[in-house]
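Chains here go by letter, A, B, C and D, matching the order in which they are written, and residues are numbered from 1 within each.
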């Protein structure tokens, strides 16, 4: 939902360093987590990316900062996949967008076993 | 890594039902979780998708089965984003691909605070 | 739309070789185009991926074959992003799914200038 | 490559309106093309998304403007998939990033038939 004039973005991204000469990317992803920590945004790493949410431009800036940091760490090229969603049918309390989606699905599934 | 002749796929997917007339998709995502449960594959839902891994064709079939089930539940159209990775530089013990990536990054970050 | 019992998939994928030691990936992408040529499926490369369509399992198999070929060419690890869509509200004539989407949007835009 | 202090982004995005009540999305995608036209950035629609490139923040802003316009047109919720790449190993002449990737692959493939 818009906050002031800006959309609130619930996102997820997976950053891939390229041309690094080794298949492991954990050091680069760790660096991204440090950058996100500094961003002040709500985020949570999972097996194939990191959930991230906040005002649209802050989310984009944080991912851009990750690119800059991963280049600084030696990756000549980076390809990132971002999933980003916005909605205007209801307000999202800051930091609850991704978690509340999971909670809602779990709520439905719990009824299955009753 | 290849298991027999097939690549082992570590994946993540986000399925979006379209043309449903309501912005909420939790019922459809819950249905996908039921389908994945039956697939026998290792999977884990997060805020913007579901981690999933197994032999390449089994992973693809499971996601296709989710499409069929979501259509059966009433969605006329579906768009899914899949991230899928394979590697031949090391073996992945079945079901550990996504979790071990997270563990490796956490291991690096833990050293930061020491 | 289902063809027999299988969904027809209109897709797009972007394959990223990892750990190759050089940022350029053109040789690997060219190899994928050769694989797709042999698949018999309708495909078309663009600046950030390749449109691809056909029966669900054939599309998945073709992308898996690309992974195998890119590994064979030396990439130890690969990460691919796939967008894949299905619909049951209308039939798609084989090979026309992606092109007809573009045509429909252009048709709308052409009215703007009249 | 950085231009001043900002990374140049070569991207592609696929925007999915949700909860619209009808499976067709062409009107919404046409609206995005109008927004991109106004952005001044280099872009090109294909069957499953739109290539787009420019300074990182301009690319992000343009996609955010598309979300705002698609919400204004009636979609209560939107999910977008963005692929975005940056590189620091060579300069990209503005507007040539996506096209030059295609040209390089075609160049390689043309040698196959000689």
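Keep in mind that, in the parts below, a contact is a pair of C-beta atoms (placed from the backbone, for glycine too) under 8 Å apart; a residue touches a chain by one contact, two chains touch by 3 or more.
Please read all numbers here as calculations on a predicted model, not as lab measurements.
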*Out of A-B and A-C, which chain pair has the most contact pairs?*
A-B
*Relative to chain C, which chain has the most distant C-alpha mean position?*
A
_Looking at A-D, B-D or C-D, which one is a repeat of the B-C interface (more than half the contact pairs shared)?_
A-D
_Need the CA-centroid distance for the pair chain A / chain D, whole Å please._
19
*Distance from the CA centroid of chain A to that of chain C, rounded to the nearest Å?*
25
*Could you tell me the distance, in whole angstrom, between the mean C-alpha positions of chain A and chain B?*
17
*At least two other chains touched by the same residue of chain B: list those residues.*
14, 18-19, 23-24, 76-77, 79, 81, 83, 85, 87, 89
*Line, ring, star, complete or other: which one describes how these chains touch?*
complete
*asked:* Help me check something: in the complex, which residues belonging to chain D touch chain C?
replied: 10-12, 14, 23-24, 26-27, 29-30, 33-34, 44-49, 51, 81, 83, 85, 87, 89, 97-99, 101-102, 104-105, 107-109, 112
_Touch list for chain B against partner chain C, complex_ = 7, 18-19, 56-57, 60-61, 63-64, 67-68, 71, 76-89
_Partner chain A, residues of chain C touching it in the complex_ = 14, 16-25, 76-77, 79, 81
